[in-house]
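In what comes next, chain A is part of two complexes: it sits with chain B in the first one and with chain C in the second one.
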Partner chain A sequence: MLEVTHLETVINDYISRELVQEPALLPLGNATPLLETGVLDSLTLLRLVLFVRERFGIMVDDVDVVPEHFASVDAICAYVRARVESSADQAGSRG
Partner chain B sequence: MAYLLQHLLTESAARRPDRPAVAAGSRSLTYSELDRLSNQVARALLALGVAPGDRVGILAPKSAASVVGIFGALKAGACYVPLDAAAPAARLSGIMRDSGIAVVLADPARVPGAAALADGVPALHTVIVVGPSWGDEGGGTAGAAPAGLTVVGWEAVLAQPGGPVPAGPVIETDLAYILYTSGSTGTPKGVMISHRNSLSFVAWAADYAGLTECDRVCSQAPLHFDLSVFDIFAACQAGACMVVLPVRMSMFPVRLAEWIQQERISVWYSVPSVLTMLVSYGNLAGFDLSRLRAVIFAGEVFPVKHLGRLMAALPHARYLNWYGPTETNVCTAFEVPAGGGPPDPVPIGKACANTDVFAVAADGRRVSRPGEVGELYVRGPSLMPGYWAQPSKTGEVLVANPFQAAYRETVYRTGDLVTLDEDGNYLYLGRQDGMVKTRGYRVELGEVEAALYAHPAIHEAVVLPVPDELLGSRLRAVISADGGGLTREEVLEHCRGRLPGYMVPDVLEFCQALPRTSTGKIDRARLARAW
Partner chain C sequence: MGKTAANAASSAGGLLRRAEFVAYWLAVAPLAACLPPRLAYRVACWRGDWSFRYRAGKRAETVRNLRQVLCDELGPDEAERMARDFFRMMACVAIDVMRLRGRARSLRKLVEIRGREHLDAALAGGRGAILCSPHLGSYDSAFCLLHAIGYPVTTIGRNAVGLKWGPSSAEQRFWNLVYTRRLLRHRQRPNIEPWPGRVQVAVQAEAVLRANEVVTICSDAPPLDADRARAIEVTFLGRRARLLPGVVTLARLTGAPVLMISVHRLADYRHQVLEISPPVPMGGETATAFGRCVAAMDAAIRTRPADWVYWADTDHLVTFGLLPAAPSAGTEQIYVHSA
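Right, the complex of A and B next:
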């Protein structure tokens, strides 16, 4: 069963620990814009997408790699929850 | 006659005043508007006492405003120095002190940043704001002026007369810009480029790419990267439109593909890693990119696997591999033949028009047969005059042509090892020294090591490249530190205060002591094998 409680903490921790380069941004707010602040660039975004795929076992399609889904920790969580729900629905309908 | 870069603009503006010169989002500047605005910036600079040969900083992302600023600086007879706003303040102020920048042209959003740099740059006295809100920055005025720094607002610039600026005593061998690049001993080196150097590349590039005034040219590279000489100046020469890629767009491949379609980009120029991301994650089949007639890449090796997929996805385009260090701009080129998949490796090709290259083997003889290996040398008018204020580093790379006995002819040694193929194309083999490419950016391993050594607790440090298919190289630092308390986070934070993001090590390893060779040097080869 996929664990999505404390999702914000998991994602915030990962980004804060692995991707944030500017100490002044920490502690990282869940609503802090990740693109404008430069936390996400082409390299760190790729690493984040890989983390999300592996950690939550979801497929992140190309078309989902868009600013809206990665604008902030909150945005990422909303996206992950939606993906988890939709894959759970699919699993349910096959079950 | 066009012997200075700004003549390209004045000539295109005279010929086709109403054609779009720069497009950024929904706004665009025509050639006559760009001409007029840059005249006004030039006059604002001259009014401050900027004299021919002075270095003027450009603190703005690639944008209509920065193109206005660049042409304005050139028309004032100055030499522009693009400043990478993503670099740490210490590095930027070092560059500004080194090049003696007294005036900076900044876009409205970067005026506070310029002010913050002022403390570390005593010679800096004025910031001129370039551009009203071209994007989502606010307004054309700067707000409160920080102490010691004068801020000239955009309205003051617009109050200047817009007619042609009298030409000062500027000639083609004078400097057009200085591009700072990684320095192996820790401080960045300023590559000086004259008008003549730049025009030599621009003329060849516009011709090779077949640029016409109908083209919409996009170069993804930032201003401090010489790839941006193409979209600004070659597009200008052809009367084409330079289309500015929105910030961060290249991070989102699907959005990028959509943008290329919407903006009807016809010529694209970037480092290969952006194209790899595009073909891998951009869902290209979902877009109509039929207008894209030329894909040009440079700066690093493009893995053949990804290039092949891109060519299969967009079979109608020309694929051009351009090679050349900042010190010469592009000096060789190869057009990948259509159909049948790219050769592996993709050659760097043959010398550009009005440029000559040759390779010198270890025994001092010229490489002339396929398979022979040597260091690539470049000869021609695109050669930099040297590194700013670094005569001895300059003397290491600008040397006498070993094959010219009649007089002293200067040639540039690239430090790149090459070989020849059966068709007379050069193939890139690797470096002779500690310089690597990551995402197309040049990184001297020595500069990263120097930054690490600057930390008081770090006893020894070695930085090694880890080959990465997407990035070219990642950086792996192996450190021995005094005591035991130094944390990874502390080291990374220390590096981020000195180095741009792409130079901060991706991997950090701590060890008691670094392994040594029999002669007492750090055994890099052994560390590389231990990865």
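Right, the complex of A and C next:
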């Protein structure tokens, strides 16, 4: 299970380092809206999805790419956590 | 009094144009497409010549835009001839779309595909392929043809972007009926439409490429207001234009190769050549890599400039940066693909 603060830190660090173009948005709050502030657009969101896939080993379905799941660092973490848990449940039921 | 009469004549002219447009797409083109190709495309050329003759405003706008953008290489007579070819090409597009019926066999017989081996080699790499095209001639039907011969094609593009008369639901439904619906039958997945706020577009495209399928994208689209900040300046048609380099970013993030594709109508109007290039190198700065794509689109357009769909649309040419901003000349309501 991913640790709560660790996940927030990893996601926030990645977005702050790789995706934020506007220095005024730094340091990035976990509740800062990422879509309205322009931090995430279609292509930067793809970068984030590829990072999440590689870092946490979860597949992000394109149908899951809706604003609610990527509105802020908190929302992203909630989504990632839910995906990790559902993957673990599936693995458990298979085992 | 004179002004009232002029307004009445103008709105009557607008109604007539619309009626002709509806009749052509709903009845004439579907019937003509059933004729032998020589006759079918002759009918389209007649319709193009009729539009060229009677739509004086749109004709003047097209000639003016051609001369302003291609000023160094175009005399007045040649601009007139090119404008007539433009109207003919737009009418031929309707016949092409109608000939997509079934497995598009009747259109396939008229289109020679060159460079298919490049697409096969790209897909053998297992990361899908991005086909990048200018809005040239029957580019949409060309994508359909590739799907019809076995390539799983999905398009990134906005279906309604050309509707300058606004998204009235009746007009939108009409356009879907005569045009969009026929194209979507030849797509692997629904169109990926990059409207503002649709943040899932690139992820959807990545899913297509991850499945080792083909994504098509026209990279000479004028940027929407919401996207202007992402546009970069490139040399295009001899001028500095602002275009979106999304194709390069998508290719770099997914590892998918970018191949340029263009379709050209031959002088007999019924035969076409669809050319697929080897992969474009994606090295260097984004502007450098995208510059290679733009250079290829530029070269394709210059091969047959009349086939570029934007000549009749001053607003779009201004958005590109190809024409200086000027007060609107009261342009007719028109769909960009169907002058």
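Keep this in mind: the second predicted complex is superposed on the first by the 90 of 95 C-alpha atoms of A that agree within 3 Å, B and C clash if a C-alpha of one lies under 4 Å from a C-alpha of the other, contacts with A are read in each partner's own complex, and residues count from 1 in each chain.
We adopt the following convention: a contact is a pair of C-beta atoms (placed from the backbone, for glycine too) under 8 Å apart; a residue touches a chain by one contact, two chains touch by 3 or more.
This structure is a prediction, so every number in the text was calculated from the model and none was measured.
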{"item": "Partners on chain A (chain B, chain C) - clash or fit", "value": "clash"}
{"item": "Partner chain in contact with A:Gly57 - chain B first, chain C second, else both or neither", "value": "neither"}
{"item": "Which of chain B and chain C A:Gly29 touches, first, second, both or neither", "value": "neither"}
{"item": "Where chain B runs into chain C (options 343-351, 361-369, 451-459 or 487-495)", "value": "343-351"}
{"item": "Common interface residues of chain A - those touching chain B in one complex and chain C in the other", "value": "35, 40-43, 45-46, 62, 65-67"}
{"item": "Chain C residues touching chain A - in the complex, by the definition given at the top", "value": "194, 197-207, 230, 246, 249-250, 253"}
{"item": "Residue ranges of chain A touching chain B (in the complex, touch as defined)", "value": "21-23, 35, 38, 40-43, 45-46, 62-63, 65-67"}
{"item": "In the complex with chain C, residue positions of chain A that touch it", "value": "35, 40-43, 45-47, 49-50, 60-62, 65-67, 70"}
{"item": "Interface residues, chain B side, partner chain A - complex", "value": "86, 248, 250-255, 273-274, 277, 281-283, 286, 439, 470-471, 492-493, 496, 501, 504"}
